[in-house]
Amino acid sequence: MSKLSRLLLLCALTLPLPLQAVWADDASSASSAASTVTTVAPAAAPAAAPTAPFLVTTDKINSGDTAWMLTSTALVLMMTIPGLALFYGGMVRKKNILSTLMQSFAITCVVSILWWAVGYSLAFTPGSTPYLGGLSRAFFKGVVYMHDAGKVSVSHLATTIPETVYALFQATFAIITPALICGSFAERMKFSAMMWFMAVWLIAVYCPVAHWMWEPSGWFAATQLDFAGGTVVHINAGIAGLASALMLGKRQGLGKEAMAPHNLTLTVIGASLLWVGWFGFNAGSAVASDGRAGMAFAVTHIATAAAALSWMFTEWLTKGKPSVLGIASGAVAGLVAITPASGFVSPDSSVIIGVLAGVVCYFSATSLKRALGYDDALDAFGVHCIGGIVGALLTGALVSKEISGATGSVLLQLKGVTATLVWSFGMSLIILKVIDMTIGLRVTAEEEREGLDISLHGESLE
Amino acid sequence: MSKLSRLLLLCALTLPLPLQAVWADDASSASSAASTVTTVAPAAAPAAAPTAPFLVTTDKINSGDTAWMLTSTALVLMMTIPGLALFYGGMVRKKNILSTLMQSFAITCVVSILWWAVGYSLAFTPGSTPYLGGLSRAFFKGVVYMHDAGKVSVSHLATTIPETVYALFQATFAIITPALICGSFAERMKFSAMMWFMAVWLIAVYCPVAHWMWEPSGWFAATQLDFAGGTVVHINAGIAGLASALMLGKRQGLGKEAMAPHNLTLTVIGASLLWVGWFGFNAGSAVASDGRAGMAFAVTHIATAAAALSWMFTEWLTKGKPSVLGIASGAVAGLVAITPASGFVSPDSSVIIGVLAGVVCYFSATSLKRALGYDDALDAFGVHCIGGIVGALLTGALVSKEISGATGSVLLQLKGVTATLVWSFGMSLIILKVIDMTIGLRVTAEEEREGLDISLHGESLE
Amino acid sequence: MSKLSRLLLLCALTLPLPLQAVWADDASSASSAASTVTTVAPAAAPAAAPTAPFLVTTDKINSGDTAWMLTSTALVLMMTIPGLALFYGGMVRKKNILSTLMQSFAITCVVSILWWAVGYSLAFTPGSTPYLGGLSRAFFKGVVYMHDAGKVSVSHLATTIPETVYALFQATFAIITPALICGSFAERMKFSAMMWFMAVWLIAVYCPVAHWMWEPSGWFAATQLDFAGGTVVHINAGIAGLASALMLGKRQGLGKEAMAPHNLTLTVIGASLLWVGWFGFNAGSAVASDGRAGMAFAVTHIATAAAALSWMFTEWLTKGKPSVLGIASGAVAGLVAITPASGFVSPDSSVIIGVLAGVVCYFSATSLKRALGYDDALDAFGVHCIGGIVGALLTGALVSKEISGATGSVLLQLKGVTATLVWSFGMSLIILKVIDMTIGLRVTAEEEREGLDISLHGESLE
Amino acid sequence: MKLITAIIKPFKLDDVRKAVSEVGVQGVTVTEVRGFGRQRGHTEIYRGAEYVVEFVPKTKIEIAVADTLADQVIEAITKAAQTGKVGDGKIFVFDLAQVVRIRTGERDASAI
Amino acid sequence: MKLITAIIKPFKLDDVRKAVSEVGVQGVTVTEVRGFGRQRGHTEIYRGAEYVVEFVPKTKIEIAVADTLADQVIEAITKAAQTGKVGDGKIFVFDLAQVVRIRTGERDASAI
Amino acid sequence: MKLITAIIKPFKLDDVRKAVSEVGVQGVTVTEVRGFGRQRGHTEIYRGAEYVVEFVPKTKIEIAVADTLADQVIEAITKAAQTGKVGDGKIFVFDLAQVVRIRTGERDASAI
């Protein structure tokens, strides 16, 4: 373990350079595609489209779009707390349930503050390179509403809603991404170490990758089709999960003791709220209350249902019984896979994406994990990274020009995916290694035995 | 049992004909009412109102209406998962909780796919008869958003929002209706049998009945007042529940063993989410974000509170204690009863509807069930069918022309109700009988004893 | 106890008079501020602004604003059921969980009916004095939607949405306020006594205070900055909680027996839903889907995160471990404190408010309570009253004229706060005393020992 | 005096309680336990990981009786708890050195 | 050696534990049980269906002691657990054939 | 016959079950209990209120065996349950007056 990580530490430290070299001229080579690709802002831009946030008079704000984006933001926050918290919490052993909920909740808080401080600015304003945004919006400077003056700032990525709403909407994405990682290292990581990891990871990994894909001047913004974060959120989190599962090692007693989920009722509640909230995630990524949002909404729902059934039937066939955990996992796999595709594909295509995501993730969360032997406890890698890759590539293959006005290709998709995989995996290993060498990553064996609820938080479930 | 069902099988097979004969000239005899009755589309239609879905330019879409309908769809999905799943799940014994959640979740998935494939088209497009829609929208063919062309399809039932949104909104109704039925056969049905039943029932019962009541060319569309599905959803599901309770027989040990709800906390969460989500159900049925939606919203809330209190006080008086299950059940009874009335009645009337629904459903779920001896385990019939009938008839009596522009009568309401009762009951018996004769409806006695969680799904709650 | 209360009874009975005398000329002395202060209606009013609800043609309704307000209403209802119910329910002992849920649910119902009957009218219509509204809208008389006439009534406080929606939105505030009080007297109050208390308290305390602060002709409407109810909701409920904790006395065995929360999973779900729902509470209080709502939304989120972290770190430092209950409590403290400030302050200021609220409420819920010895079981006083005061005063200090167009001062804030503290505390004592002398406030010792679930409601959790 | 302990199938509890009441038993103490024996448990599968749950839920009842009543009680339990299938359970009988009724301080025979 | 088993009211556990500690007991094992006896249970009603819950929650404590200590412990328990109301519970005393402390392998007297 | 009761650390249950199976035990009954002894509990804090949870979760296993097997079983349990740290638990051995297999009515030796 420590050898492996030392190696990776080295290679990761030198990672930005080769990456830059290899893909340096992508943006230009893909320029023909670029002109027709719009990632999140579906409406055709006027003559000289703004390239940074700006002030408008309040009558430029569309109250319908704003209503939907306020709602979407609430929905996406609900995905993390309580959605994801419960989805994960139900799968751990009873002695670790509160610590698992705590991870999602604390991440929500710490990311929110960092997002206000620097995150939003680093991700969603133009920077001096295509790799990271600037600091012009640090501490929400310039994100304003002027009552008497009748003015309000808007993001150049969403010109019909107040910038506050766009910044908050994006905050909820920045919250759920690190929270997803927790699935991989569940039941064994120190809370303090987790807090450090997530804070650094947000700045060092999430903000750059979001900038690459979504900010118009970002590295892959012109070539990558990622409507709602298949790459930025799911691949990014999933591969960081794998890194953490490798760095932390297996849970004590894995394969020997029973580690059955303690309360799948919570997991079903969580999966359900994820599904409901994901409408905000995907349809909200249209940043408008329009036909494209509607289409994103519809394909999200259909793909999810298809994936849930495909996981369920695969399990039924191979293991003899359809399980509640299976159908819920399949639904999440479908939600993940349709995420990048949601504003780009037709209902027909969404069925294909869903069915494939269900089957592929079933095998990655069962066979692949067992074969390779890492302890991706709640399958953040197996479902989110693998499902995200399935979705990202299929988006390239199935994108509908009619629906999106955009074109794409599996190859172009692969580039953004690879860059994300490499960067997130490498940086995660580095950050984890540094934390391990300083305050330590893992609880003691006795704390793990007693359960993290009592040992880390001094609380327990009756 | 088998004699009874054979009889009913016979009569049900021949059912469509007499029904058709008896009510054949209703549409015409009620034509005076017809012209003033609008069921779901409140705005006055222009000269030649479209009779099928059509294309519009995207500027015809109202972003506020769309925002509310996107939200409503999310809310109604939340009613089933996790709302109804928890409402029911809390009432069963611990050994069956996961199987109960599984029913709602799996129904959500399978109905979504069928809705995309044929359901939406059969229910919401005109057909060659008033009894069922056509297949023009099968596989969402023609349900489009065209980015560069600036066009989007809309339903003729909801012309200010994208058709995707309307189709999805209606999908959530098609999901919850079969899910409601599960309450009647809880704790004893095979999962495979349930899946077959629901798939067939959706096509054979739900789609026709929705078409009858709501599609403008449908059998009762011009005469029946059913704002949000009192008949289509609740009576329809409730009577199918009775059919399944009769076909499956009683749970082992009923009346001998304790069958107390294992976790009413879940039931309260479920009832609460049903209440919250029902705003989407009823106010969403205005298909607009306007004054009528607001009125539907208000009467829904008031009737629910009234029914919850009326059930609670009735129980308090007759049994000596007000119970949590009672007040939650009363709230659901109120929600059911106000559903058909919600866009048609005033706040005053909603109090009447609520109070009556609470009392009547209290007795139907307690005394009536005991008197007649069927095992409607979680009272899908007692609350949804009976509450739905109370609401449907009172809608006819209390409809306000000022609020709705419509008139109606108890008698007219009774016709649609009766047709639904007969069709749904008969068809349900037939479908169940066929399944019973092929793969079997019920788990074995030993599986039932062990609990469906372990025996059907290989999972359990710690 | 009984001596103290007799004293307070006396002084409270004579309370309205001195209060009136002391602050009688505030409205005029603060008139310079008054002209620049707008509390909830941000848009500049036209020439002769209406002073009572009125009819408009339906095209005056903004569908985007209405969509957001419908959503907000659903969100705020969700805050009480299931949000607050679970937040509180998780903290009590297992034998009292259902009775705790029952309180929130029953209050929701009874307040809804009273709101329709008189509450809305008393709070939100002009009355003959600045202390209470009139009865012109009793039983929602005049709250109309006219389909054929194309007219709809609106409130003078919210002219772009149907009055039904505004009345319902405000209903959800009237619901959660009494429900908050339950935290103080948890695990020992009779259900019947609680119902009487809440019904009377709504009329005698909530309606007047809401009228004072929000109805334009109300006592403090022109001087108090209370965007979303820091004073009306939180201080009001919190101090009533203290009154009830004092009147009811301590729970049996307090300090001797373990009274650990039985299921913090429920509390985390509750806190999460409160957070999500609070977007409707605060951003909804803009009564529009605009830039001000967006700003209220953003500062709510940031302050909450800051308070959650500040409570968590304070606890970590002083007690050695960060706890789940701590971070969740901190989040609620932040939500409470930012409530009055939400439409008035900048993101920077919201961080200050959050951090202070977290620290102050931590100490009030731990040290202060222990020091003074009352049994504020779930800290309704410690978090809501204290947090509300922190927020109310800081609003006066940090109000941004740019954002709100309003000015204010700590002193002006203090007046409204004090009036509320005195009135709510005094009246609560009186009402409780009367109930105590008639039907009795507290369950018997044996009922308390057995648990309120079984003794009051005849139900239990497995 | 004897303490009769029976490990039975949970759903037989009510029958057993009634049966022993009929032969004169006035008190019973019941514990939820898990049993391992000839009766097999079941398998649960979570994302491909199979857990063999070897223990079956059982109910333990304990009854203190006077020596004279012991045989009757044993018979009553045996009859009421029997299904004839593997896993019906066991009865263990112990000698009781002493019994006290806490409420009254009564001892032995009169304390039961 | 004796094993003293007491069925008590749950809320008396802490008092009893302290009382026996005072007379020198160093270890106690506690089980949640349900009891049926003279004390009546309660009735629950769910949608009209009444369930008589005949069993009352009780706590069982088990204490292994040297013969010499037995009487003192019994007395301590009796005193601490008494409320005087029906349902206070019972004490059952058994002879212990052997005791082993797993950690050290010590036996009997020194193992307690 | 003897009834061997062991109070062990919960995570040792599987090891112990396997160990006793190996020496020929065919049935085991298991109960979740809480133990108070030399091993200390933990402290929980809720909004400033500290609760010392003095009881530690333990697992009780009960095994009825023929006299001849008793020593072997005791040894097997001791070995399998030992971690060497405080709190490993105790074994209590009782004489069994009688055993009945409910399914068949078999008694004593053949009933185990």
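Each chain gets a letter, A, B, C, D, E and F, in the order it is written, and its residues are counted from 1.
In the analysis below, contacts are C-beta pairs under 8 Å (C-beta built on N, C-alpha and C of every residue); 3 or more make two chains touch, one makes a residue touch a chain.
Quick caveat, the model's predicted, so the values are computed rather than measured.
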Given chain D and chain E, the chains that contact each of them:
B, F
So which chains count as neighbours of both chain B and chain E?
C, D
Could you check which of B-D, B-E or C-E has the same interface as C-F, with more than half of the contact pairs identical by residue number?
B-E
Looking only at C-beta pairs that count as contacts, which pair of chains has more of them, C-E or B-C?
B-C
Averaging over Cα atoms per chain, report the distance between chain A and chain E in Å.
53
Find the geometric centre of each of chain A and chain F from their Cα atoms only, then give the gap between the two centres in Å, rounded to an integer.
47
Out of chain C, which residues touch more than one other chain, so two or more?
62-65, 67-68, 71, 260-261, 269, 289, 319, 321, 323, 325, 458-460
Could you tell me which residues belong to chain D and also touch two or more other chains?
31, 44-46, 53, 94-95
Pairs of chains, among all present, that meet the touch criterion
A-B, A-C, A-D, A-F, B-C, B-D, B-E, C-E, C-F, D-E, D-F, E-F
How about chain A: which of its residues touch chain B in the complex?
42, 62-65, 67-68, 71, 75, 94, 260-265, 268-269, 271-273, 275-277, 279-280, 283, 288-295, 297-298, 301-302, 304-306, 308-309, 312, 319-325, 327-328, 331, 346-348, 351, 401-406
Which residues of chain F touch chain D once you look at their complex with the stated criterion?
3, 17, 26-31, 64, 94-103, 105, 111-112
For the complex, which residues does chain B have touching chain D?
253, 256-257, 449-450, 454, 458-460
Enumerate the contact residues on chain F facing chain C in the complex.
44-49, 51, 53
Which chain A residues qualify as touching chain D in the complex?
91, 258-261, 319, 321, 323, 325-326, 329, 365-367, 369-370, 379
